[in-house]
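Heads up, the thing below is written out as structure tokens.
We call the chains A, B, C and D, going by the order they appear; numbering starts again at 1 in every chain.
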Amino acid sequence: IMSKGTVVLAYSGGLDTSCILVWLKEQGYDVIAFLANIGQDEDFEAARKKAESLGAKKVFIEDLRSEFVEDFIWPSVQANAVYEDRYLLGTAVARPCIARQQVEIARKEGANFVSHGATGKGNDQIRFELTCYALYPEVKIIAPWRIPEFYNRFRGRTDLMEYAQSRAPADLYLMTKNPEDSPNTPDDLEIEFKNVFVGSPCLSLSGKHGVGRIDIVENRFIGMKSRGIYETPGGTILLKAHLDIETFTMDKEVRRIKQGLGIKFSELIYNGFWYSPECEFVQHCINKSQENVEGKVQLSVFKGQVYILGRESSKSLYNEELVSMDVQGDYDPCDASGFIRINAVRLREHHRLQGFSSTKQ
Amino acid sequence: IMSKGTVVLAYSGGLDTSCILVWLKEQGYDVIAFLANIGQDEDFEAARKKAESLGAKKVFIEDLRSEFVEDFIWPSVQANAVYEDRYLLGTAVARPCIARQQVEIARKEGANFVSHGATGKGNDQIRFELTCYALYPEVKIIAPWRIPEFYNRFRGRTDLMEYAQSRAPADLYLMTKNPEDSPNTPDDLEIEFKNVFVGSPCLSLSGKHGVGRIDIVENRFIGMKSRGIYETPGGTILLKAHLDIETFTMDKEVRRIKQGLGIKFSELIYNGFWYSPECEFVQHCINKSQENVEGKVQLSVFKGQVYILGRESSKSLYNEELVSMDVQGDYDPCDASGFIRINAVRLREHHRLQGFSSTKQ
Amino acid sequence: IMSKGTVVLAYSGGLDTSCILVWLKEQGYDVIAFLANIGQDEDFEAARKKAESLGAKKVFIEDLRSEFVEDFIWPSVQANAVYEDRYLLGTAVARPCIARQQVEIARKEGANFVSHGATGKGNDQIRFELTCYALYPEVKIIAPWRIPEFYNRFRGRTDLMEYAQSRAPADLYLMTKNPEDSPNTPDDLEIEFKNVFVGSPCLSLSGKHGVGRIDIVENRFIGMKSRGIYETPGGTILLKAHLDIETFTMDKEVRRIKQGLGIKFSELIYNGFWYSPECEFVQHCINKSQENVEGKVQLSVFKGQVYILGRESSKSLYNEELVSMDVQGDYDPCDASGFIRINAVRLREHHRLQGFSSTKQ
Amino acid sequence: IMSKGTVVLAYSGGLDTSCILVWLKEQGYDVIAFLANIGQDEDFEAARKKAESLGAKKVFIEDLRSEFVEDFIWPSVQANAVYEDRYLLGTAVARPCIARQQVEIARKEGANFVSHGATGKGNDQIRFELTCYALYPEVKIIAPWRIPEFYNRFRGRTDLMEYAQSRAPADLYLMTKNPEDSPNTPDDLEIEFKNVFVGSPCLSLSGKHGVGRIDIVENRFIGMKSRGIYETPGGTILLKAHLDIETFTMDKEVRRIKQGLGIKFSELIYNGFWYSPECEFVQHCINKSQENVEGKVQLSVFKGQVYILGRESSKSLYNEELVSMDVQGDYDPCDASGFIRINAVRLREHHRLQGFSSTKQ
């Protein structure tokens, strides 16, 4: 039989994408399995064998760890990216990294199709597909979990992970220790920001100390609320350290504008728009804001919590003499009276004119 | 000698405002000492006696605890008010509460002057004075720490607190236990939000468990960076619980808009504009957004950290059936394909048109 | 034959929706034609007869003029609603008004279906359908221009209007005179804002004087750019007059926040989210901001342009004495020195610290 | 007698700054008069002679026309800078340009002082002085209109301009014809944007046709409302043309973000923060957004109004085929159904859950 064409499938080695691999072959496609290494704990060679045994024409296992940190995690750290005040966007940031490579393979292998195992109600399908369309506009996407013949056949399978999530969150965590069982003495560490962050070896301490677990209800892009249980040990430390060094070295008003851009960036990442003109634009702006954001932050991790101990930077805008209570220096406290009184002009007018009288212009 | 008039002084019982009391009398003013009880640990009667012995014409000690919670803390909780991503605005929220009462006393007692012990480089002078000007536009303000004759005389005095702050932060905390010394087993608690929050007795648990300590560099309104060490045990729990119940019950897009208003509100509070037309406006809007934000949040506190255990609400917008992977119900996953493809129209155009050709309209 | 059910069709009397009426009947539906009178120039009785002759089971012609002004135009005027800095949202505001009534009829008549003649690439389909889903979640929508059997059959027909638009814009305008042919002397008018605007009879002057024509490229919600030629004579005058009275009576900082909300509101209207939680929320906030926005504005219209001649209001915040150059009154110009110097603290630090040296906290 | 030092005075040749020049000499300063040519209609040689005859030690007349256009007007055009929806910021943009040069002269001439004739209630004092402090932090500023000995002596003088403004606006305009007296036939023109705008000769047409007059009430930085009557003929045309070409060539979502930055930029300019870290940052971001904003806009000017006739660009994102009603091409209208239905998920939930029932997570 004639092949319908070649599909590059984002393959995880798990049950879901294994089913999809087989089903795609049944439908008449040649399947290339693609498995990205972004640092997860995985037996990649076992996955390769499994894919081959299921009939994959080729298997690509690609080490994306350094580009994941440099091109995706680092901009997110610079943005202090947090979705809805709490979610650190771990998987959201991984999707475009993986899909970019998948598209790259599809182009190289002359494949017209890509496929993935994301469900039809989630965010990952969107993150995955918008990246594909943006980087390979002519690509055709096969999303089995949105195809009735597929999902009607496989729906019965109880999703164990989902089941577990709704019942026993404590057992779900893979990277973080339960804070009750974590060490009884803190560990101190130092993170340096300069072009990128340095201190990665220290980041494993955060898992050991149970840092970065959250249990939230979040708003998916498609308009549903869902419950999410996440652990982001390294991201949590990086966020706290970066917030600290940033406020230390960045002008107040630049910070305000950049804060707004960071919130926008977080929404774009969450919604899958990493590869969009606006995300590129916002990322450029945020990057510009970071020109002087460099220095070292000392932290302590203990029982799920991160404490800032201090910070230092050659680009600090903190001026101990200016802020000191005992030194006036160039600062004249009388100026503050004028500052306050001018700020009050409007407030006093507002108060007075509550007994209004007609004026005419 | 003729009195220059009557001053209502925000009196703390401490060294600073005691000096000011005496100095104001020296300058020829009658002094009314005013001490607000907003829940701090203080020997109010001792302070009364001290003020009287220093020559205060009258002493007012006023219990503002319930209005502080209802009129100031509650709106801040509703707003998820946080300044520069970290500071929970404890003192910033207390200032307008205290100054409002001080102005009230000044009006009742026919005093034309008010005074305070805030320094000439800080935020509190602004918070204090903008409130006074807004509520009593004709008032005259005496800020001794901005008057050369005063500060030149008293500057020599070493500010012990400042001294301590820069050297031994750990000893500064009054309300929170050091997490290393806090209990080795978590405590669970529940907070209910309905018109206001209920669960105050539980809030003392947060101090016991060392919740809410931060060490930050912040940007003052007057344009200086300063280091701040804060503890906000109750506020930290309320913030986490409120964020949780809010996302559970509030529409996604309302949340986005409200998040921006909350950031604005936080800046207004920090900068001293509690009594301003814009703060009143923003507070009204935020309050409107909270109409359905009610329910209970279960939390656990342990070693400085707060964990959300669960939430329930009769106004929940979480729909387990809609979000379930096993039930399609009214939701057709095929719609997601169209949704994604339409969102991609713009991205694909962007990609294609990078080899531009001239078009004309 | 069994009917497939009843459809309420938004009927215009034109060729498009007449085709749809007939086609729906062919498909086996009972069709109720609904024609809204929102003030357009139309022979409603002729349309009724046409619908009846084409086989409509019932015809509803409803006068929505006053609710269109009060519930839709007025909130847009209060918001200074403008999309992408130029488009006054005329049709965008009409859609939810019409669809609301259509859904009302569908419910009353027990119809499970609604239908419309909007195309598959435009904004109107979205505005129409989101309103229907929001107000009647179980409704089923038939959009023939997105159904291949329909559009493949009718596509051939050249869309004359489109054709005309791209070639001879000047002939397209129905409500506004060509400014070259408009009167050679201005007309003056006055608009009063109080709860709603008064001055409607005067609004027809704007068409006579050629006010409110634009030729723009705009961004549709679905991510395409399209060219639009619009005339909004009355809206243009109302916008200019409202902007004027608003700045006259509203606090500066409230105005800033409200300006942002107005932009958000405009996007929501444009994108079809009139009936959404966030639009309801924003509308509530904007409405709150308008409490003191009342008064009269005098204008002159001439050759396509609107000139403000003056304004008056009992709620004016303009204080001639305060702003006068010759009277100091309560305002001490020396305060401005302090105001400026404090604002400069940060700028001077920024300049000085460009030769950075390491500081440590 | 010993000189108190050298002052560089921003000199206009008019009565005000002539008084200041003499007064500064009386106070014991050496005065350098500085007059900037930014394109105003002025007899510069007469002004030089006047300054010399009044005792200026030196007179600098500097042609800043090209740097005014390139460094100040052009970024404002790129930003579509408009303050409070109406004011095009003409003078606000000129101040930092003039003050930059003044500071330059002060540094070169070893002057420790600068002075200006701006009043103590206006915006110009702030724009002027913030620029000076930002670029020359140690400078000392003499603002006579805020010094009691000066203003008490000169206040009596009736300010003719102010007087005129409040009584006969029509006579105030210098650059624009009264539209009633302007030509009875339109003129067409073309403006090209590429790195900077080209079409300056055509800009004089706008004055001839009476374009760009406004009469507004605005909010000054210091919290007062004031009435302003402005004419910005060239700026008005540039704004309309730039808005047009920008929407034609810029992605929709980039436009949204950039619109917000443009509003921020406008406020910064108005308030005098041209030389601030945040303005530099925003300007950089806006500049980035303009990378593809180039092309030609055809316009017609007539009786005070500007009409867009068409636009063309090699970077256009307008895709006639994509948007056409008659061609489906790659666009599948069925996708719009999914797009709309997913957007409606949240709206339908909102509607349904208004009869709430308790859910628990």
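Everything below uses one rule, namely that a contact is a pair of C-beta atoms (placed from the backbone, for glycine too) under 8 Å apart; a residue touches a chain by one contact, two chains touch by 3 or more.
These numbers were taken from a predicted model, which means no experiment stands behind them.
J.: So which one's got more C-beta contacts, A-D or A-B?
T.: Result of the comparison of A-D and A-B: A-B.
J.: Express in whole angstrom the distance between the two chain centres, defined as the mean CA positions of subunit B and subunit D.
T.: 37
J.: Give, as an integer number of Å, the spacing between the C-alpha centres of subunit D and subunit A.
T.: 39
J.: Taking each chain's centre as the mean of its CA atoms, how far is subunit A from subunit B in angstrom?
T.: 29
J.: Out of subunit B, which residues touch more than one other chain, so two or more?
T.: 217, 222-224, 227, 248, 251-253, 256, 260, 273, 276-277, 310-311, 317-319, 322, 331, 334, 336-337, 339, 341-347, 349-350, 361, in rising order.
J.: Line, ring, star, complete or other: which describes how these chains touch one another?
T.: It is complete, because no pair of chains fails to touch.
J.: Show which residues of subunit A lie in contact with subunit C when the two form their complex.
T.: 248, 251-253, 310-320, 322, 331-332, 334-339, 341-343, 345-346, 349-350, 353, 356-361
J.: Within the complex, which stretch of subunit D touches subunit C?
T.: The touching residues are 80, 84-86, 119-121, 125-126, 129-130, 133-135, 137, 143, 145-146, 148, 151, 155, 158-159, 162, 179-180, 185-186, 213-220, 222-227, 243-244, 247-248, 252, 255-256, 259-260, 263, 267, 273, 275-277, 302-305, 307-311, 317-319, 322-323, 325-326, 331, 333-334, 336-337, 339-341, 343-344, 346-348, 350-352.
J.: List the residues on subunit C that touch subunit B in their complex, please.
T.: 217, 222-224, 227, 251, 253-254, 256-258, 260-261, 264, 273, 276-278, 281-282, 284-285, 288-289, 342-347, 349, 361
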